[in-house]
Structures are given as structure tokens and as C-alpha cells.
Amino acid sequence: MFSNRRTVRIEWGDCDPAGIVFYPRYFAMFDHSSVLLLEAALGMNKHALYKTYEFDGYPMVEARARFLIPTRYCDDVVIETSVTEVRRSSFHLQHRLTKEGALAVEGFESRVWIVRDKERPGRFRPQPIPAEIVARLTEPTAPA
Amino acid sequence: MFSNRRTVRIEWGDCDPAGIVFYPRYFAMFDHSSVLLLEAALGMNKHALYKTYEFDGYPMVEARARFLIPTRYCDDVVIETSVTEVRRSSFHLQHRLTKEGALAVEGFESRVWIVRDKERPGRFRPQPIPAEIVARLTEPTAPA
Amino acid sequence: MFSNRRTVRIEWGDCDPAGIVFYPRYFAMFDHSSVLLLEAALGMNKHALYKTYEFDGYPMVEARARFLIPTRYCDDVVIETSVTEVRRSSFHLQHRLTKEGALAVEGFESRVWIVRDKERPGRFRPQPIPAEIVARLTEPTAPA
Amino acid sequence: MFSNRRTVRIEWGDCDPAGIVFYPRYFAMFDHSSVLLLEAALGMNKHALYKTYEFDGYPMVEARARFLIPTRYCDDVVIETSVTEVRRSSFHLQHRLTKEGALAVEGFESRVWIVRDKERPGRFRPQPIPAEIVARLTEPTAPA
């Protein structure tokens, strides 16, 4: 399956009075990793996706994380993100955030490929993921 | 001029490892106060503004703040926001954030009334603020 | 079990370019709800907890949320938070965020009662939750 | 004077429903740039500063920004940060955020070198910046 990897420096402003990352910030980091993975896998960003496909986003339907080791200002952490499953109109991603090689936070997310629901304004409905996008998400990442 | 006032509880997640509010959070608080003031003054929210006027927003063109006293998790602070000047296509707001009556943070902002610039996609251009909106912004707040 | 309830106005700055809440913001809202619940249940804030008990926090060990209905700028949502289980050194909370009565986001969290681990600097270790705190967390909320 | 430069990818979660960066996020980006500049200039991070000097931080006393061109998800922007003045117990920094070479946001900040005020708990007081730190902040950046 497709995956990516990036190094993130923990910022002073990511951390709370206990000196550790305020956990919603991990979800923001994971979201950006997912966005980057999808850009890399699909060869286009969300703007281009909107134009190329009848697409209105891939919002989160379920997010989960386990917090094993605290991280702090000035830590350099590695986030590895992989597609773990692609279904008809949804897909799953996994994030492993490591600090000096040790697993610090593990994240799991389910996202759904959606279009705006013309019959219910302000609501969305799932739509099958286009076949070529399924193909891109499920192919192994090319060696760097 | 129009003004409003609200009490904000400082949250754990607003604060940094020094135990004090991470200062960009004050700007987020001030932004929400400005949005609330404009909703109250105009009697409608941004969604309604978009529909009622040829309007695309009132983005910040300049923001400034002075930080006098630190605030912390569990502090209840009061934010008083006032329109200080309304010009042809811009307006100014002031925020006074107090803690137990003492001025802790003072904010100043200049915003511009804009429409999307049809000749330069992705850019905006200023537009005169409609007369009835000028009237609402410059009238004294009704006594509560 | 102890519970609390608050109304939250969705802010412009909580939302992303799709016009819906950027989901890590829900976790920040839930965190504040949990902090408020613990303050109400224990009759003291974190500062006082640090002084009263050999306590260094109740960090998240697992967080999960399901996103059912998008919420947007200017929505007033209700967040109901309840203790669902109290174990020896951990406890569980549930959040139900509703919009016009409909369940929009559901959150689950496991937190652990910790002290700083003197033998491994920068790390924490779980500690049994004091009996009177278990009692407070597991008693029904007094009728308002 | 000392300066640094970094490229930042604008994230989906940095942007608001108008599709442009929610301006408090720029202040968070600038804060991290200032932290990185100080780490580079002083050859140590805040943790080490606390240990090496009688130091309790360099909080913001005044922050200002002008917003000239909106930036959006997927923009790569460059942030150049320079020390512009070093006084007895305060120093000034300037940030220039450019997009495709054009100045998009300009930031100015005044920070003060502080210690905890032992006579007024929870408050801080300014202290002269150590001479060797003044020297480091005012020397030109070594060519890369």
C-alpha cells in the first residue's frame, strides 16, 4: 500500500503547561501527513482533485490514537503514514509517530470519499472511489 | 461606536510550557470577538452577509497586540471589543482583555471590506462599506 | 457517573476550507469539557490537584471519535461529557456533541492518573486514583 | 544582525472557510521562526537556556503583522526572520513571509528577557540580556 514519511520538529506552541504535546496537535500533524500522502499517491492536490473528479473531500469518519510516550518542544519525531485498506467509498490510514526509534503515538483513521448531497443542503454523501484512485492508493510506494 | 463584551475561560490547551497563554491564541479569541461584534451590529452572520451583500469577507490587513500581564489556565478574562473607526472600505476595532479588572492584553485590528477580484483570480479588492452597515457600526451599543 | 454539559458556538477559526470544523478542534473542545468535568467533580482545578495530591496530570492514553454530521461556523452545539468507567489508575470519558438534537460527533477517551517517574526523567508512571476521587467521579451529578 | 530562513507548506488545517490562512496561524509560524532563530544564534534550545542562565523565557510584549496577499492550502511560503534591534532587556525581530517572491505578510515583534518575579508570584520581571547573548544576536549570520 502507499505510504509516506516525514520528520516533524515539535514546536513550543504545540505543547501544554505539562510541557508535552497537547494531544489534538497530533491529530493536526496526522491530518497533514494524510493530505501529503494523498497528494503524492494521486499526483495532485485537493484543488486539482475538485476539478478532475466529482469530488468534495475525504473527511474523517473515525479517528483514533494511542499515546505511548510523551513528546516535547525540540523533539524531532518521524511520522510514517500508510494506507491500510481501501474499500468501495472509504479508506483507512495508519500513522506511526516515533521518537528516537520508539513508537510514541499511533493513529488510525477512516475517511470517506464524498460528494455534496444535492438533496440535503449542507450534508454530504459517500461515492465510490474512482478506480484509478483505488489503484494508486493500493500500489506500493516507489522506492525513493 | 458599537461594542461587545464577553467572558472567556482560559483553557489548558491555550497555554504553553511556561504555563501562560500561547500568544497566537489571543488573536484567535480577538477574531471571534470581532465576528460576534459584527453579527450583533449587523443583525446577521457571515453566511447571511454573503447572501445579502456583494461581500466576500472582512479580512485583517493589520493586527497588533500588546501583552501586559500573563494569563493562565483557569483564569476568567473579560474581552471588551469596540469599533474605533469606520472608513470608506475599512474599519478598526480595539480589544481590551482584562483579568480581575487589570488590562492584560490590548489588541488593535484593521479590517477591509472586500469582494473577490474578478480580474485577478485568488485575489481580493476593497469595496466601499454599504451605508447602512456604516450606520450600524457607528451607532452606540444599545444598553443591555 | 459524573457528567457535565455545555453549549459551544462553532467559531470561524475552527473551520477549514470545506467550511466544516477541522476535526482536531473537536478533540480540543472535548479536552476542555473533560477538564471542566474534573474540576466540577473534584471541586478543584489542576493547580489545586497538584498541590493536594501527589499528582502530575491525567494525560490521554487513547482518544477516539466518530464524525457523523458536519458542523459549521455559527452552529451552536451541545457537548455532554460523562465518566463511563473508573479503574484503579485510569478512567474513561464519553462525549456526545449534538447539533439541533442530532448526534454529530461522539468521542471516547481513556486517561491515566500519573506521577512523574523519578527513575526515568521526562517519563511518567500510573498511580492508583485516590479513593475520594474515585468516589467523586462515580457519583451521579447533583441535579442542577 | 542574526537572521534565518525557512520554507513552510501551508496546511489545509491552517486555512479558514474563505480558503485563506486563519491569521493567528501566521503568528504561530512566526513564533516558531523566532524560536529557531534563537536556537541557532545561541547554539542552544530553551531547555538549555533555562539551565545555563537565570532565564525564564523571552515572552512577547508586542506583536504586529500586516497582511498583504492571502496564502492558501498547498502554497509554499518562505519566512525570513531577522533580529532588528537588541536593547538592554528586550529585542526586536522582523518576519517577512513571501509567496513566489512577493511579500505576503510582514511581522514585527518585541520580546523581553525575563526572570520570574520572586516578590510577585505568577508575574515576571525583565532582566538585562547577558552580554554574550547580545553579541550572538547582533552578529551577522554566517554564510551557509
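A, B, C and D label the chains in the order they appear, each numbered from 1.
We take it that a contact is a pair of C-beta atoms (placed from the backbone, for glycine too) under 8 Å apart; a residue touches a chain by one contact, two chains touch by 3 or more.
As the structure is a prediction and not an experimental result, all values here were calculated from the model.
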(request) Provide the labels of all chains in contact with chain B and in contact with chain D. (result) A, C
(message) Report the chain whose CA-based centre is farthest from the CA-based centre of chain D.
(response) C
(message) Can you compute the centre-to-centre distance for chain B and chain C, using the mean CA position of each chain? Integer Å is fine.
(response) 29
(request) Compute the distance, rounded to whole Å, between the mean C-alpha positions of chain A and chain B. (result) 33
(message) Going by the contact rule already set, what residues in chain D reach two or more other chains?
(response) 12-13, 18, 22, 24, 28, 31, 72-73
(request) Under the touch definition given earlier, write down the residues of chain D that touch chain B in their complex. (result) 18, 20, 22-25, 27-28, 31, 56-57, 59-70, 72, 122-124
(request) Would you tell me which residues of chain C are touching chain D in their complex? (result) 12-13, 15-19, 22, 24, 72-73
(request) Sort out for me which residues of chain C touch chain B in the complex. (result) 11-13, 28, 31-32, 35, 39, 45-47, 73-74
